[in-house]
Amino acid sequence: MNSKEFIAARVAKEFKDGDTVNLGAGLPNLAVKYLTPGTKIYLQAENGIVGFGPHDPEQPINPFCTDAGENPITINKGGAIVDSVTSFGLIRGGHLKLSVLGAMQVDEEGSIANWLVPGGKMAGMGGAMDLVCGAKKVIATMEHNAKDGSAKILKKCTYPLTGERVLSAIVTELGFFEVTPEGLVLREISPNVTVDEIRARTEASFTVDENLKEMTVN
Amino acid sequence: MNSKEFIAARVAKEFKDGDTVNLGAGLPNLAVKYLTPGTKIYLQAENGIVGFGPHDPEQPINPFCTDAGENPITINKGGAIVDSVTSFGLIRGGHLKLSVLGAMQVDEEGSIANWLVPGGKMAGMGGAMDLVCGAKKVIATMEHNAKDGSAKILKKCTYPLTGERVLSAIVTELGFFEVTPEGLVLREISPNVTVDEIRARTEASFTVDENLKEMTVN
Amino acid sequence: MVQILNLEEAVRHIKDGDIVLGGGFYANGTPERIIDEMIKQGQKDLTIVNNDGNTTEKGMGRLVAAGLVKKCIFSWCGRMTCLPQMVDEGKIELELCPQGSLAERIRAGGFGLGGILTPVGLGTMVEAKWGERTHLNGQDWLYQSPIRGNVAIIEADRADEEGNLVFNLTQRNFNQIMCYAADVVLVQVNNPIEPAGSIHPQEVHVPGILVDVMVQA
Amino acid sequence: MVQILNLEEAVRHIKDGDIVLGGGFYANGTPERIIDEMIKQGQKDLTIVNNDGNTTEKGMGRLVAAGLVKKCIFSWCGRMTCLPQMVDEGKIELELCPQGSLAERIRAGGFGLGGILTPVGLGTMVEAKWGERTHLNGQDWLYQSPIRGNVAIIEADRADEEGNLVFNLTQRNFNQIMCYAADVVLVQVNNPIEPAGSIHPQEVHVPGILVDVMVQA
């Protein structure tokens, strides 16, 4: 299991039976694969779906039945369609248990930056700013360090923010951090890594849970 | 034809083919009877109907199909149901051509009072405050004077307002007044009444259209 | 996920002092069986939010007549003949709100918005007593705060096992939006609850994830 | 009342300089036939409001590629590879708006409200460039102004002769709300227009009184 798959599998352990969940494109979306058998979640998509799954390849494709990445999908039995206004009413209004997003940077205040690299192309924030405001729990997922080895969990994000003080947790391949009013707390640590190693690879301050657990996946 | 019927019949001449119209309970509602044959209007009701008519006595009553006065109705072919939020989106958003309300007092600034007599019971404004904000044209209808003969078209309303500077026109059994930025203009006068007589029975100032017409009904 | 409970268990979700959003426009769309049971269980000091309260014999007004209510938020209450005197005597608090603004405030509460900016009520008693004039984008607007409930009590025509709801014509009124704006949504379902999949996804009026408890009426 | 026109007549309702609200989420729900004809007729200096613009080959982005657009309001435009450079060169103005706030601002425009009060975008570039922090009801909110169009261009699955619309599943997206927020609503109807009464009143997604012109696709 590579880093991304490991992170996704850990995120999947957060899914409780009956949760409504919005998963960002890429890494967050992988988490569905690791859903605990017998656990039922309702996937929500920004373009107005509650309760869907991947397209069934045995069925014809309906171009009017796509998710927020324009992938063909299957609406579950008992699923529902809403318009864009209502879809974001669900998102912003606290009706989602969990929103999982990819991140470029996060910080010890629980802020997240995931839409724009300074000097990069202004491609827009899509629904990301909405998704980080309102879900009961907002989890940022990312590989712990950038490709050049630099820290991505910072004292303060340097990229333009997606949301200020919005995160509940941060999951990387090295550990699971909870964002608390007192700052970041390392709750789980990956096998074969030490707290000192994580500190060396993290700019943000964090405390370590006195009952620190090993980060495991199903 | 008594005063109320005469007023209602005059209001009906304002209905143009295709108009969406909200008619208040009582006098305004009578206007439907005088609709010009061949003219089709869409009645809208606050509780979420677009396109309805009176209940067909040959059909069973559906208790879940009522207007804003809880009267059983028939939804037209091509009618639509919306929820209360959307119903008032239609009302406030300028999607109605015409809102017709009963009034207790109106004034030369185009304000209207129709929900509360000072010292009377606080029964609430219902949808009246919403209805006077947003329809393209808002017409107040009432008998010209109170039962004790006092004026109801005032310089300034003394009862608690329903809406401030919201009216397009005022129709009484004596005449048709347009509300303009320069004040009230008497556009039509009833048969068998003089302008002087109207002035005597009106507290508000008004000017008289130089092409003053007789107020007639179909 | 939605639970299907009997009436007594369902209504136990309501507590003394709760804010209760009640669907319905007069009798149409009001969950009378839930109100029956509330009167039986007697949760008190309630704040009720409803279009009109209807009467003291039918509708939310019964809770007022039963002495269970400390505050009402209504757009109109002309059929509740007992209310004005109770208000005058200080036995109950009454907040009046224009009907469309009431619906919109409930929506703001359910949609995570900070309130509404409307022209409705400017220059009226609503501004003086229950709103705040603000100037934004070159124009005056009346600001009114969001409304949320601890509980919403809702009547629906059809439901499936996932909690998806469909209303019968004008039964929809305030019922649809109130499902977004309460911590616990209790629904009286008038027809037998159907298997998941029996309501077409684009004909659902309220997505089932908003519904907590259903009672078969 | 709704008119049924041919494509050419319908698109003549759009004028140079108009604000055009365009339904659709990527290609899904975008009225491509109307866009074809807009490019043919060449109305210019348009402001377009759309979720994403999709690409320069399909969707609203084609209007940008054809040089007809002076300003875009999008939530995202990552597929419009030509846009960032055009913006940098000052050839086109780009306003970005969080997706839910964009939908809600269009709704405010169509529902007669003064704008929105949202937590979304506080402390971000949206606050700095396109919003205003306000303090109401004890909390900070981002105020954003309403959006209205001169014209909305919409794709629907079904329609009846009265203009009532039904969308096919996620085709609904921004199409539903945009019908409220424009002076002229032009709809491309993908299936044969049906007689009045063929759509059940409680299954209508957009009441026909909002629709001005329908084109049979």
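List of remarks:
Residue numbering begins at 1 within each chain, and the chains themselves are lettered A, B, C and D in the order written.
By our rule, a contact is a pair of C-beta atoms (placed from the backbone, for glycine too) under 8 Å apart; a residue touches a chain by one contact, two chains touch by 3 or more.
Remember, predicted model here, so these are calculated numbers, not experimental data.
Set against the C-alpha centre of chain A, every other chain centre is closer than that of B.
Computed from the mean C-alpha positions, the centre of chain C lies at a distance of 32 Å from the centre of chain D.
Separating the CA-averaged centres of chain B and chain C is a span of 29 Å. Centre-to-centre separation between chain A and chain B, using Cα means, comes to 54 Å. For chain B, the set of residues that touch two or more other chains comprises 75, 81-82, 88-89, 91-92, 133-134. Across the assembly, chain D contributes 104, 107, 111-113, 118-119, 167-169, 172, 201-202, 205 as residues in contact with two or more other chains. Across the whole structure, chains are in contact as follows: A-C, A-D, B-C, B-D, C-D. Within the complex, the chain D residues that touch chain C are 104, 108, 111-119, 132, 134, 136-137, 139, 141, 143, 145-146, 166-169, 172, 201-203, 205. On the chain D side of its complex with chain A, the touching residues are 25-29, 51-52, 74-78, 84, 87, 94, 96, 98-101, 103-104, 106-107, 118-126, 157, 167-177, 205.
Against chain D, the residues of chain B that register as touching in their complex are 17-18, 20, 40, 42, 44, 50-51, 75-82, 88-95, 133-134. On chain A, the positions that touch chain D within their shared complex are 45-49, 62-68, 70, 75, 81-85, 87-89, 91-92, 111, 116, 121-130, 133-134, 160-165.
Taken together, the chain D residues at the contact with chain B in this complex read 1, 107, 110-113, 160-162, 164, 180, 195-197, 199, 201-202, 204, 207-210.
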